[in-house]
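The block underneath contains the structure these notes are about, expressed in structure tokens.
By letter and in written order, the chains are A, B, C and D; residue numbering begins at 1 in each of them.
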Amino acid sequence: MLSKLTQRFKNRPELDPGLGTKVVTPKSRLILPDGSFHVRRTGLPWWERTTPYQWLGQISWPAFACMALVGYAFTNTLFAFAYLGIGLNHLQGTVAGTFWQDLREAWFFSAQTLTTVGYGRISPEGTLSSSLAAFEALVGLMGFGVWTGLVFSRFSRARSKILFARHSVVAPYKEGLAWMFRMVASHDHPLLDADAYVLFTWVEAGPQGPVRRYQDLVLERSAVRFFPMNWTLVHPIGDDSPLNGLTAADLEEIDAEIMVLVRAHDETYGQTVHSRSSWKARDILFGARYAPMMSSGLDGATEIDLSALGKIESVAM
Amino acid sequence: MLSKLTQRFKNRPELDPGLGTKVVTPKSRLILPDGSFHVRRTGLPWWERTTPYQWLGQISWPAFACMALVGYAFTNTLFAFAYLGIGLNHLQGTVAGTFWQDLREAWFFSAQTLTTVGYGRISPEGTLSSSLAAFEALVGLMGFGVWTGLVFSRFSRARSKILFARHSVVAPYKEGLAWMFRMVASHDHPLLDADAYVLFTWVEAGPQGPVRRYQDLVLERSAVRFFPMNWTLVHPIGDDSPLNGLTAADLEEIDAEIMVLVRAHDETYGQTVHSRSSWKARDILFGARYAPMMSSGLDGATEIDLSALGKIESVAM
Amino acid sequence: MLSKLTQRFKNRPELDPGLGTKVVTPKSRLILPDGSFHVRRTGLPWWERTTPYQWLGQISWPAFACMALVGYAFTNTLFAFAYLGIGLNHLQGTVAGTFWQDLREAWFFSAQTLTTVGYGRISPEGTLSSSLAAFEALVGLMGFGVWTGLVFSRFSRARSKILFARHSVVAPYKEGLAWMFRMVASHDHPLLDADAYVLFTWVEAGPQGPVRRYQDLVLERSAVRFFPMNWTLVHPIGDDSPLNGLTAADLEEIDAEIMVLVRAHDETYGQTVHSRSSWKARDILFGARYAPMMSSGLDGATEIDLSALGKIESVAM
Amino acid sequence: MLSKLTQRFKNRPELDPGLGTKVVTPKSRLILPDGSFHVRRTGLPWWERTTPYQWLGQISWPAFACMALVGYAFTNTLFAFAYLGIGLNHLQGTVAGTFWQDLREAWFFSAQTLTTVGYGRISPEGTLSSSLAAFEALVGLMGFGVWTGLVFSRFSRARSKILFARHSVVAPYKEGLAWMFRMVASHDHPLLDADAYVLFTWVEAGPQGPVRRYQDLVLERSAVRFFPMNWTLVHPIGDDSPLNGLTAADLEEIDAEIMVLVRAHDETYGQTVHSRSSWKARDILFGARYAPMMSSGLDGATEIDLSALGKIESVAM
């Protein structure tokens, strides 16, 4: 079986997309379902490998707000202890008491300074505590500037992605069979000038151990000008197709993976967005087709039910 | 009539731009006059389908400011009730009175904290109210950071669009007829490297119900390097044109729609802007032409009267 | 003379870059020396034709800061009068005096609220003035958010431009003559993948009045991968060149203008920047060449003297 | 030796990438190892040649924060002296003392105003000091807006770069030799659609002094769709290669330099990033190859050890 595939493409150029032909970890995915590469980078500390901008794209708003709260409480407490160290008698308006009462007074004064509220019931007296308060207010403003910058970073990131159906399908098409997958824009942003590229990869025995091979799957139509609806991409399994003659068991045996890379222009952000996904043998259903997602709305608009993206109907082969 | 059109293009490839050949809702537009697609997406809650960035492009500045005001009043009132719950005696500087007097005092203290004004006539006393005030000031700053981020989001969005004349026209041109439309940049931003693509779509009977067909309309010149003035695009109705021989009544009958997609580089934003529009049969005037928009200014500059974009003069066919 | 030019290009396609063939204003420039188009747009109010983002690119930092100061003083005064209207007795800590003394007290209280300083020597008392103060603090924060957004808008705009020598020159080159111009990046940002396009335009008599014609000037090398130094573009005046055989007087007579459009990728901003310029007949010097700008620095770096960009030496023709 | 190189490429076009053929400074690099051009621009003051946006990309966060601190202290002191000039008796809540005590009081009041904390223990009295305080608070807010804008500028800059191995190598490859270099993305951002261009430059004697020549080195594969791992680029030294027959000493003699320009799409920032590097003769190791960087992780992911990027093994030639 393997030798057949090998021979069929022996005159075609290698199509390694940059993932290498060496099989480092057998039977593992190259691309995870969420589109990230199955690669871990080590040897450099994480703070040299990431940026706030990237990192912010990965945490939720509640976690982000929580982070600010913790940073605030921590900084505040630090300054509170510093005021205690200088002496509570340098904070006019406070009365010395137990340690915890003193800490409380210092803590609240610190908070009123860090946020620049400054009620004034407590106010600094003496060079040391006044200087510290002046510094703390600056720290507060600077930290708040960082927060604002981070907030905007989150807003301005193009989050538009393409949602892919969980399973791709193989179904009768015209006179033969076709492998198909369906996708839809994740957000209501208009996507334009979309194009898709599909790559089939498998592993075969080589003289120096297993080798990964790549061939592309030609699509009937690989680009659209507008992408406001669902889009089903069709690869007819002709004589030239690497999928020709393969069964589900074959795909499993050769450790096949179908990868798709979609590019589109997001009009709202004015940026090109990329989305990737991949299907391993178990995600490819033979004798199935996608259920319709479109219907006619009351006011003449076409309605698309996004929740039906992955809905499958069985079909006779 | 329909069969003629069908036959004429039977050897030409399908040009579906991504809107599908299935007629989901007969006699409805594919693209609305403002360029949005006539599609409604359901099946996912709206907050998963939109982003603040996109949503902000749709509301006006007064509505946006109003939103901030309401959010402020709401948050403020929430905290005011919390202070009341803790007890007005923990707000130093207030005198307990009727419920409404108490609420008023708490509300104003809350506002002075949320905005970090902190006059200090009223100030928190005791752990609970002091902690709440420290938290409220943080919430105020964070909310304000979000506001600032949103404001900048609005500023940074490329709003440059292309204005299209309300009607497109069919008029004598050279030895025959031509279909034409006129457009102009909506803003004074220099637009560069503009190109236009025009697609003609109609509906015809198919073996499994009505089918939507697409053919492009070839333009005499479809790209310009500079786009500082008005630009009239001309499709000569030659033998190859889908419009050849069609009357206004024919266009109505076959549910015709002419869609245009214009792309240009906005120098001010450094982004590519896309604009779309479409004309149904009733928006296509036969025997009309556009009135001039340009005149000579006093200082040698060419003057363009934007209000004359859609001005039409009748012309003998 | 004119007819010769006309005939020479009668078999070449029209190259109108989007500026039209109609001569609206004779003897005037199409592109001003700063690269803007010589077009005035009317018929729509200015606030519909511009955006804060664009407008901000045109005013200086001092003017921008001044604008903020005036806006602040104006808003502050407005609120001061409102406090006066409510009555100075609702501002605790003030003593009623003459009108001007009252206004002064109200004005300073207003400033302390608008900036959220809130010293507290004066503080609002009563529902009306307290509400107004709560509102004013919000207005202050919102206005300040707008300021911050505008500041960032200014920072984030790609300002990188290309400086063009004031005069272009015609000088001996290889076996014949060549028209040349020199340019250099305005900022120290690395510019990459630069390309230039040059268009020659002239006016000639047509059956329905004067007509503007366009032909491009072919450059010996029109693109470079790196653009860190000065770049002199060379158009050899061969038999195909529209400039062939023309004298300075000829250029004046046919109202010639040479326009150049340069595109480059600004690595710092990650954006494509466009620059334009044009030379009329009087800006084209015959028998001149550019003086060198480059010299060898002490540490092995090449030094470029930007002030010598337009320096000209005469050369025998 | 030189004449051989000259003759071999006499029929090939010049490939000057924009760095010029004139040898301004002999034996110096054209591109520094960090990718910047070895060019110094003079003749214009620095503030006309740089922008805050660019400048911010070059300083570290601690330096940036320090800058804010110094600016704050300076402005604060300026205003403090102004309050002293008006007279300490116009700052209610202070007691006149020695000059240094007065300055201290004025300084802390100034700080409380600039940061808009405004405790209120000290507050301005009289028109002059009140006006100054109103102005100072505005200055504080404006300066803070600038800080916030700068912070976001730093966040939003695409910092993704490509790390190049310190040495490039010449090693046996297939039936002959090949020149190779290895690179890896500096950050964990997914890089897509990467392509590389390599240029070989050397100096040879010309009739009017030394001349710099350029020829490109053809790569076996110069583009990848995905770039999540390390990528070793291979230039087979065939008959057409400028490197054919050259030894390390030859490279030194002809002042050779190999420059590489890599472009990739950074998915996180939605921008194209460019990286450059160059190798002089001493950075090119003959008879060496790169040690492996990839290994198999526990969970099926491929692990890349970034610290091994420049690791070299010797190999028999």
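General remarks:
As a convention for this text, a contact is a pair of C-beta atoms (placed from the backbone, for glycine too) under 8 Å apart; a residue touches a chain by one contact, two chains touch by 3 or more.
Here the structure is a predicted model, which means the values were calculated and not measured.
In terms of the stated touch criterion, the partners common to chain A and chain D are B, C, listed by label.
A count of contacting C-beta pairs for B-D and for A-B identifies A-B as the more extensively joined pair. Residues touching across the chain B and chain C pair largely diverge in numbering: under half of the numbers involved belong to both copies. With every chain reduced to the mean of its CA atoms, the largest distance from chain A is reached by C.
Between chain A and chain B the centroid-to-centroid distance comes to 27 Å (mean Cα coordinates, whole Å).
Computed centre separation for the pair chain B/chain D is 38 angstrom, with centres defined by C-alpha atoms. Within chain B, the positions touching two or more other chains are listed as 112, 116-120, 144, 148, 152, 156, 269.
Residue ranges of chain C in contact with chain B, taken from their complex: 16-20, 22, 24-25, 27-29, 36-44, 48-54, 57, 92, 112-113, 116-120, 122-124, 127, 130-131, 133-134, 137-138, 140-142, 144-146, 148-150, 152-153, 156-158, 197, 261, 269, 271-274. Of all residues in chain A, those touching chain B in their complex are 65, 68-69, 72, 76, 104, 108, 111-112, 115-121, 144, 147-148, 151-152, 154-156, 159-160, 186-190, 192, 194, 221, 224-229, 231, 265, 267-270, 294-297, 300-308. Touching chain B in their complex are the following residues of chain D: 116, 118-120, 148, 152.
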